Amino acid sequence: MLREQQFWVLGGDMRQAKLAQLLAKDGHRVHTFALEEAVIPERGLTVDENLRLVERGDCIILPLPVCGEEGMLNTSLSSLEVTVESVLDALSGNQIICGGRVDEETAAAARVRELTIYDYFAREELAVDNAVPTAEGCIQIAMEHLPITIHEARVLVVGYGRVGKMTAQRMGALGAKVSVAARRYEQLAWAQAMGFGTERVDQLAGWLCSYDLVVNTVPSMVLGRVELSDLRSDCLIIDLASKPGGVDMEAAAQLGRTVIWALSLPGKVAPITAGAAIKSTIYNILHETDS
Amino acid sequence: MLREQQFWVLGGDMRQAKLAQLLAKDGHRVHTFALEEAVIPERGLTVDENLRLVERGDCIILPLPVCGEEGMLNTSLSSLEVTVESVLDALSGNQIICGGRVDEETAAAARVRELTIYDYFAREELAVDNAVPTAEGCIQIAMEHLPITIHEARVLVVGYGRVGKMTAQRMGALGAKVSVAARRYEQLAWAQAMGFGTERVDQLAGWLCSYDLVVNTVPSMVLGRVELSDLRSDCLIIDLASKPGGVDMEAAAQLGRTVIWALSLPGKVAPITAGAAIKSTIYNILHETDS
Amino acid sequence: MLREQQFWVLGGDMRQAKLAQLLAKDGHRVHTFALEEAVIPERGLTVDENLRLVERGDCIILPLPVCGEEGMLNTSLSSLEVTVESVLDALSGNQIICGGRVDEETAAAARVRELTIYDYFAREELAVDNAVPTAEGCIQIAMEHLPITIHEARVLVVGYGRVGKMTAQRMGALGAKVSVAARRYEQLAWAQAMGFGTERVDQLAGWLCSYDLVVNTVPSMVLGRVELSDLRSDCLIIDLASKPGGVDMEAAAQLGRTVIWALSLPGKVAPITAGAAIKSTIYNILHETDS
Amino acid sequence: MLREQQFWVLGGDMRQAKLAQLLAKDGHRVHTFALEEAVIPERGLTVDENLRLVERGDCIILPLPVCGEEGMLNTSLSSLEVTVESVLDALSGNQIICGGRVDEETAAAARVRELTIYDYFAREELAVDNAVPTAEGCIQIAMEHLPITIHEARVLVVGYGRVGKMTAQRMGALGAKVSVAARRYEQLAWAQAMGFGTERVDQLAGWLCSYDLVVNTVPSMVLGRVELSDLRSDCLIIDLASKPGGVDMEAAAQLGRTVIWALSLPGKVAPITAGAAIKSTIYNILHETDS
């Protein structure tokens, strides 16, 4: 296990608030700043009003994303307004500094100050961890919007990466008849090995009319006008792909197809789990930088 | 397959509306009455304004429950108000009459007219079918209210009948760590054979503090003040048991425990699936009365 | 937990030998008799050469079945030959006496001596426990004999009792396409709710040609000449039903169908698990007789 | 679908024999050579005694591995002895030539003749397909050798590649308590997302004593003397890793640990499935070379 450290958690949303609590529960000394609307002080957990003591911290955790608007620290659970630069000014090069989805300006501002920001959101293990609440969020949305059960629903999952794999697996576990659309033979072989039907992602049109639910995970236009026309009018489409998404929204609107574009599900549907995943990734970063 | 029949679907909610559509899709001739807000006429499917032609029907389907208030037919999707007795007056003894959750007054009124009403809700296969949307509805509620994922959540399912079995199985399929509380050794052996932990339902107190979610399916007081006190304050309780439920609501309120009492989930979360289940049960009744 | 007891385990096979070890591991004082080929003395576990001290035992465990041939105790792991009657003569009415599959002669001999033998094999929880190794044994046999994987194999499970349910569930978990043949609507509804296809057990002929494997669990003739003719010649049949079995063996031989009649799998494929299941059932008996 | 082709299947084992039958079933014209002990001629399927007509073939399929001993074609189901070079001499550059695990001598001999051999065994989709029978074979071996059920067995799967993933998933599906040992954080995150416990593969010693079964899939020494000493004496070890394997066999022998080194399972436990997988991969090669 990690030896006791002093952590500073600066800004962010419920995930950072939960992260701070979980770090304190593990026995660390945790300061929070710009999270005062969500954090209640307890043993080992402090709500700080400024960054005067931040230099004592071993590990500094910036939010996800680090930046809100125009160079300001992302502080959605605080009335404080503070620039990222002023935060960086308070930090020193012998601290481990972590941040999520570090933008170019922030990275540049850090470099100027000879600081390194480890991007926890860029790490593969966090992406895998986040695929779990994303898949569950997708199931929740499907349950809320479909007038049928997931059990025996015919579900097409487009894309077989992290989110596609977990969504297909969990839909299947609930009794859905799942097919996977992918491009590479290897992915199709995996889908078959896990018991799913398979479709070629570049040959969807003509094969779509039997589905009750289509879940897209590919961030490029896979459901264009032709594919959307081929879907039944009561088929639900859930797009989990990050921008630009994978659905022709204009065509969908014209055709009257129901599309739900669901982004950033982990923080919304399971902030504690999402915070725990960040904690685990931060620990990995600390282990690696320790050696 | 069943030969073509003339069905009359009288009153009810979305399940009956969907049932009518599904019967028509199977090639039957279907009349609906007192469902005009949800049924659109199509091939084989008629919206009738009165019961003048009901005597031609082979099979008459009354709603679930048959009775709304004080002897009136349950007509939640209609502006029509009609007594159950007047409906029965229009029917004859050589028709197959089915109804859901037939109350004593209705049964008596039928007997007087020498009519038999087959209660589809009393049939075991419908109860099994309905356990699927009930379990899914429970999962949906849990996802909506828990700040953690079902994956890795510690879930206790109290009772191991139809709903308990399916809820435990589906929670486990989503990665929850599931325990089952039951009374009989045989049920505990089944729960273990399906991979769940086990608790004695009469010895819950003292073993409850580790759970994130407790789902009750037993319609008698199993979660009283002592058991509720033993739960963590952030543990969610979902009570799926029919009246009187299984949770001491007053004690729960005093202790600040979150309890969601969720009744009649199938019609709410999956009306089409619930309508299809009724259809399947009606067919079984017709097969049996045919021979 | 059970307070410490003195157990005597008399005769039997590997299950009884393992049972004796497990009881000793739980902290009980255990004597064994007529198991000398399989039991090695250790702390708390004795190999006795006679029954002189058996009167001190709190609980006496006879084998499964109690009787070997012609009134002799079932002693397959011993060179000793001893009659059941002589064993009963050494026991007294204030001991808890348990035995498996107690035959009528043994029961009568006990009654004469005013002894009660609790039949652990007749208890539902042991039957459930034993269905697990039975289902696994069935999978093992199928894997050994089929030139295809269970994954994607088309499997028909006939009967949906304990063994049928567990076999269907585990075959499905390995990726087989499973259908269940049963008689009652309720059982078919359960099978569907668990994600399996369904067949009517009394209308199998005409629907059998697509299966790679048929597993029977019904102890009456369900696979007669007509059904067997309908199977593909390379279809494997595993009959798990106790005597008289469910397959017309003569017809199968004439038609060249491969039938494996697999009885008493738990003791063969998983004697330790089977012994642990007996232990658990004995504990239940002791709890019940204690109150 | 693929247009009709003329295939020649030359040498090999049951997988090639089944492959030839499956190709013929798909409507292709199939010649076989050096498979006469396993192939019976049928519609579209010929047993050829020489290679005189092989130049008419569109696609030539060499066995897996191509070479038996010292330059001879692998012909385990034939009395014919023929060199690989003589086979290559009969082929021409406008044919699609496929072979499995093509060795350097064969590749060189092909290059000299301006022939290209597509190695179907080197393709990722075949490796994925083969992981299914490998995982099932592992389960079969475990069932045959363990005196307990897979259900509730504590299983450690070392390595989380193709075979590790499928073995862990299927063991878990049968009710085993599965942990996965891997090296990368990302793999451990995947294992956790699928519901398994996790171990660090480089820190196994000290954590091994609770396992009933260890399945290794890593082809480097992960179970050395220290790790083997830490295992219980009745723990079963199945090594699925290709040469040099992952177990110190000498230490295992000295310590009395039971190790089963199981290689090439697909062809042994499920030749038809393995043949079908090769067919599917050959089709993919033909699609790719066609465009």
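Observations on the model:
The letters A, B, C and D name the chains in turn, as written, and every chain counts its residues from 1.
In the analysis below, a residue touches a chain if its C-beta (ideal position, glycine included) is under 8 Å from a C-beta of that chain, and two chains touch if they have at least 3 such contacts.
This is a predicted model, so every value here is computed, not measured.
The best fit of Cα atoms from chain A onto chain C calls for a rotation angle of 180°, in steps of 5.
Using CA-based centroids throughout, the chain positioned farthest away from chain C is A.
Set side by side, the interfaces B-C and C-D show unequal numbers of C-beta pairs in contact, with more at C-D. The pairing of chain A with chain B is characterised as same-residue: of all residue numbers used at this interface, over half are used by both copies. The distance from the centre of chain A to the centre of chain C, with each centre set as the mean of the Cα atoms, comes to 49 Å.
Taking each chain's centre as the average of its CA atoms, chain C and chain D sit 36 Å apart.
In chain B, the positions touching at least two other chains are 132, 151-152, 175, 193-194. Listed in rising order, the residues of chain B touching chain C in the complex are 123-126, 128-129, 131-132, 166, 169, 185-186, 188-190, 192-194, 281, 284. The part of chain D that touches chain C in the complex is made up of residues 14, 18, 132-133, 136-137, 139-140, 143-144, 146-152, 170, 173-175, 269-273. Within the complex formed with chain B, the residues of chain D that make contact are 151-152, 175, 193-195.
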